[in-house]
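For reference, the structure discussed in these notes is given below.
Note that the chains take the letters A, B, C and D in the order they are written out, and that residue 1 is the start of every chain.
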Amino acid sequence: MAQASTDTFIGTVALVEQYRKVRALTEELANQLSDADASVQSMPDASPAKWHLAHTSWFFETFILAEYVEDYQLFDDRFPFLFNSYYEAKGSRIARPNRGFLTRPSIQDILKYRRYVDSSMQAALPALPIEALRLCELGCNHEEQHQELLLTDILHLFSLNPLGPVLWAHTDAARENELPPLQWVEGKRGAVSIGFSGNGFSFDSEGPRHATWLAPHALANRLVTNHEWMQFIKAGGYESPSYWLSDGWAWVRQNVVEAPLYWRRNNDGDWQFQFGLDGVTDIVLSAPVQHVSYYEADAFARWAGARLPTEAEWESAAENLPIHGNLLDGPGLVKPLPKSDSSQLGQMYGDVWEWTASAFLSYPGFRPAAGAVGEYNGKFMSGQFVLKGGSCATPRGHIRASYRNFFSPHQRWQFTGVRLAKDL
Amino acid sequence: MAQASTDTFIGTVALVEQYRKVRALTEELANQLSDADASVQSMPDASPAKWHLAHTSWFFETFILAEYVEDYQLFDDRFPFLFNSYYEAKGSRIARPNRGFLTRPSIQDILKYRRYVDSSMQAALPALPIEALRLCELGCNHEEQHQELLLTDILHLFSLNPLGPVLWAHTDAARENELPPLQWVEGKRGAVSIGFSGNGFSFDSEGPRHATWLAPHALANRLVTNHEWMQFIKAGGYESPSYWLSDGWAWVRQNVVEAPLYWRRNNDGDWQFQFGLDGVTDIVLSAPVQHVSYYEADAFARWAGARLPTEAEWESAAENLPIHGNLLDGPGLVKPLPKSDSSQLGQMYGDVWEWTASAFLSYPGFRPAAGAVGEYNGKFMSGQFVLKGGSCATPRGHIRASYRNFFSPHQRWQFTGVRLAKDL
Amino acid sequence: MAQASTDTFIGTVALVEQYRKVRALTEELANQLSDADASVQSMPDASPAKWHLAHTSWFFETFILAEYVEDYQLFDDRFPFLFNSYYEAKGSRIARPNRGFLTRPSIQDILKYRRYVDSSMQAALPALPIEALRLCELGCNHEEQHQELLLTDILHLFSLNPLGPVLWAHTDAARENELPPLQWVEGKRGAVSIGFSGNGFSFDSEGPRHATWLAPHALANRLVTNHEWMQFIKAGGYESPSYWLSDGWAWVRQNVVEAPLYWRRNNDGDWQFQFGLDGVTDIVLSAPVQHVSYYEADAFARWAGARLPTEAEWESAAENLPIHGNLLDGPGLVKPLPKSDSSQLGQMYGDVWEWTASAFLSYPGFRPAAGAVGEYNGKFMSGQFVLKGGSCATPRGHIRASYRNFFSPHQRWQFTGVRLAKDL
Amino acid sequence: MAQASTDTFIGTVALVEQYRKVRALTEELANQLSDADASVQSMPDASPAKWHLAHTSWFFETFILAEYVEDYQLFDDRFPFLFNSYYEAKGSRIARPNRGFLTRPSIQDILKYRRYVDSSMQAALPALPIEALRLCELGCNHEEQHQELLLTDILHLFSLNPLGPVLWAHTDAARENELPPLQWVEGKRGAVSIGFSGNGFSFDSEGPRHATWLAPHALANRLVTNHEWMQFIKAGGYESPSYWLSDGWAWVRQNVVEAPLYWRRNNDGDWQFQFGLDGVTDIVLSAPVQHVSYYEADAFARWAGARLPTEAEWESAAENLPIHGNLLDGPGLVKPLPKSDSSQLGQMYGDVWEWTASAFLSYPGFRPAAGAVGEYNGKFMSGQFVLKGGSCATPRGHIRASYRNFFSPHQRWQFTGVRLAKDL
């Protein structure tokens, strides 16, 4: 956590309301899941939905209730072992790839756990000291992150089931749209400041705000579309090593990667369908491409004679834009949409996380928070790239220009996409 | 299937009754499982309980209903892909390690599937031709095998859960017992015949009945106990390569094997507990050791100055014994028990599967059944050892002297144990 | 070692001569190898030639010179760590997959080591006690085994080099030959004895001689040829799971196996060439197929409507045949040859090791030798199949009817082939 | 290659001399290697010395002789397949992990290849066009890189041999020295320019020169020493997850990392020795620590309450320093030395490559060279960190402030070490 002063705190009343809303949304997103859906782990990178539901509660219980509430009784003293994620300072824990073996507690038990934590938190909140309130704010933001992971993890699990289960019904809200041609929008030059500042919450890794230097450059006014991606495929993009990073080419060959994750061929062998939370549907050509890795994003950009934006280029361009776009408001849809506005620089927020050319490393003067919560971001600062702007699965209100998401270059089960940039 | 003539068929009336009982027992065994319990796959060797419930039904549907019942409608035409196990001749199927991703269909849907198959089978049975009746008999025996696997797979899954779920409550039925000293019972010598003959059902690999030659030898009158296994551990059995096969020693080192699977230490570091379907309980010292691999069984025998029996030695000794013992009658207990009878040669049936020194290979004149059901046993004839006698999880009525179970030498999640033999 | 009495010992004079000849042949086989050729390890199953040269010397030094010769000085006291193979009782040793990192000692140093051991042995031999002489005889037989391994390991290494190095020049000695049609030769029935007996050396696992029972059967009078194997390929043999063991099919798919090891396609995509110790040459269609795994041998037999012989069938048929055939006499050729004799049952010795349907397990009454040399065979008794008859790389004089070679079912870098059998 | 104009070219005469010297040094470094030493590959990351000798020659042959010399005859038309490294545009090649199977051509043949290329190059050089001369300059720099790799790869190979071969004899040139206390040297602030400019050769990834922004910071005036590393170990540095990146901690646990690579314990279990090109010697406590990974460097810095420098901090501090230090001049020593000068900011060049906190990514405006040589650096821009300053194995004359070496965070077989930095 990076807040420099109490000035930035949203206030207890607002926090109580935020807590209520965040906790409710998590359960809304999960409420169509069966006990089995919520228990299975589809790969080591993913977690069971039940685990997300419990771990986010464990966060409040461990860092706030157990620390600040006198005589607080743990709901179940075996849960800390089960639902700690990676906080070494908080003791031993079940190995990450084994989260899917916890068929008990059942989802009903986990929901009881949530009720217990919620009522304890609601009782405690008005009287908590400021440092606990800040932890609560962190916990809310932490849970919003897990809301997105819950959706992407369920999507991955369902994609492996030949029956193609859906989380919600298909609507025709993601329709084809006639796109304006791609335009280049010139960015700022010279010394600029990036990193979080001002009021409100931010994660520790978003600061401190600091100067950096931008060379002359431009950003595309919209995201790369499925249509453009099909052209890349037809041009032999996945078969030409010259477009690829060395590690990326090895990844393509070893995993026989031929298209974005969840794309599916029709009986003629053409890419026509994609699997989503609403099942198998036609690919919307004018919609932004999604579920591509950094390797793919980088190869596409090279093929297109462009490059990916740096984090600073993206952030300085986004900083004064209003935060609106295709973000998560509740259950339903969660798909990137064709560009609908006429703005110069569009789709900056929502739709898909945009891969940047910047490694996820610390800003000058970065200091992780003290104690276990300090394990939050800094320990992942190797081998990952920054993504900006949020996706259709990112809760509205959770995103801002300084937000730094990060994943490994081969990962693509998140809603990840591409915006092009170029040197001027 | 190995029946040589229609003489051996049990008759339609008996078969209808067998079908009903077998199908009912499977569901009784599973009826304490939650949807999540029944969906998770704990390792590639194991299958989800739901899968066992469905696959056994698929067997009847595929080999009997779809083949012999006019206008039979599949319950769901996507199920054959989901619930075929390994029958290459029956088309493509979900990869074995992916069975645990099928959170849908739910356990309720699977139970509906069972109902549908059961009513179709019960309607069809009286009029089926003899070859279909034989397939039904095979299907019942096949399902009995899956009953045992269902129990051992659930035990494995539950063992990985730090909460230690139980399938049923603990009773004190497995009590310590004062054992008679181990005695050696001399076996037959010279030419003997083994392999299935006579009336009733048998699997193809149990025949043909054929001559073999026995050298002078003796079998122990009882199984190796937990007490004896503790002595082996204390004597450094797991630390002395001289007792072990080369592959076995590599397995011990790589997996840090120190005791039978499911044994657990107390706070002093001593082996005191074991995990079972009734949870964590004290090890009963006079009870047969269980959940040991062939490698362990072989090393123990070498340490004890003895050896494992061959299949022919075991079978010729068992052939005229009545089939009684600690076998599966329904939900509850399922634990090996101390030797309680005074018979010379005891515990031959039930308690634990007994590792033999014989590889699982074909008998002279063996011919697999024609068609897909011929893939049943013959294709596993490399790298596996034969086990005899059945276990506490083997349905009573399913076992006979000629029965040939088989597993790889490192596997030990079944109820496997040891009887010693020696040359005379 | 299995000799039951001193009666079987060949005598000191003959042993001295055997020692000299064996040691000389090893060096003759290796004398075209560069220091690099002799140092590289091409896979964990193989060893560098230098290691074979040294390990065989270590055997004499460790079990005889260091034990029976007063004041014997080790050539280099670091060599026991380097050149012990797997004798746990003889202390720690370099891990098997790391043998190829020993670029020093050089091949010249190893040859000096051999000289040193040879002169010490020759000096010591006349005065050694009978148990040491027996160990020397064992050492000679052990070295003969390594002669064959040296050739097959070099072949494997050279096969990985795009330059295709050769150990010796190609000759046209392996010419096409018009083959008589395959004929079935009926075998013995009922009780027979197998296992070593009589005079001369044998390995411990070859005994004790014991009775076994043979069902009516016949053996093919010759080996399966390359021509027949091409028919198997053309018939889709490698693409039809129904011919394969379950493990075998997985092995075929995972390793993209399409033909015997070392077969190579011509520019039209047809199998025309094979790589051998004399480089790339045309496949001789009438010659026995070689470098096939047990999985392939078994699949071929099933496709051909036959089966593999059991060890007892093979041994009882071979027992009274003279041991002549295409065996190793010195450097040069080392290729299986088309059947050239008119004998009923031909090619029983030499050409290729013949896979049997028998697992490598102990005979009744088997007792490994005491001490470290007892680790010789017994510890490999799981997961392997017996091969009989020797190959073109087996030193003449090393083979006999009771000889039991063994390899894992996927291994095929030895000169391995197939003889068919069938039930009568 | 990044030269913007012909202004930067060193001139033909100087290039001819550079070519001669570089080629000669490579062979001097290798001339104590046996054919076996030069042929074995100790891990996939390393290459055989013979391969380095040949691949560097292949570079000149392929990019210059075959392209610019009329009627040039390849030395051996199979060599391009053998000695191409990763240039996809130059056709297929032997897989990297298989380089160690090339026991032929022998080292003598490779030296003949070098002679052939050298005489062809020397004949051709005076008349080559400027673009070929630039490729020759690139080839010389490329070969200097391989000189360092040749030494580090041989060191790794020799370290795996229990006999501990040496490349040259030990001298006492690396003696303990009384060190001045660590001091912090303040760096530049605000906008600075980094990246190559001026005359002479540079790699493409070193440019373009561009502005960047430095926050207030200081660098340590010397490298971290072995003594300081021992304190880190004693303080539990390798046992405390709080110091480590998440990936780093996993790497430590999985590989049981307890000290720098090549450190060895004495009989009391204390770290006393290190293995080097001169064999096993005492650790010199005042000398810089070497053979540590990025993970270790980062963990040490965190433990020390500091951080690693960024590339820009390092480069802007080094830019005006003379390039002197413990660099490679020829065979012998090649060990980091204690700080001997009194300069404020010392050991910036030579001794060890210094890990920076900067990912190896492209500079603004970076364009890889056209054609196959453009595969040189850009394709490795993911997952790697930049190292600066050169090591005791870096040829003098090869290093400059803008030089960007890069390795994966777990790699440590290079001469890699640590300089601390901190925010002001």
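Convention: contacts are C-beta pairs under 8 Å (C-beta built on N, C-alpha and C of every residue); 3 or more make two chains touch, one makes a residue touch a chain.
Being a predicted model, the structure only gives us computed values, none of them experimental.
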Chains contacting each of subunit A and subunit D, listed by label: none
Steps in the shortest chain-to-chain touch route ending at subunit C and beginning at subunit A: 2
Distance between the centres, which are taken as Cα means, of subunit D and subunit C, whole angstrom: 46
Distance between the centres, which are taken as Cα means, of subunit D and subunit B, whole angstrom: 59
Distance between chain centroids, defined by C-alpha means - subunit B, subunit C (Å): 37
Shared-contact residues (touching 2 or more other chains) in subunit B: none
Of subunit C, residues touching subunit D in the complex: 34-40, 42, 50, 78, 81-82, 94, 98, 100-107, 157, 160-163, 165
Residues of subunit D that touch subunit A when the two form their complex: 86, 88-89, 190-191, 210-213, 215, 217, 241-242, 244-249, 294-295, 298, 307, 357-359, 361-362, 364-365, 375, 379-383, 385, 409, 423
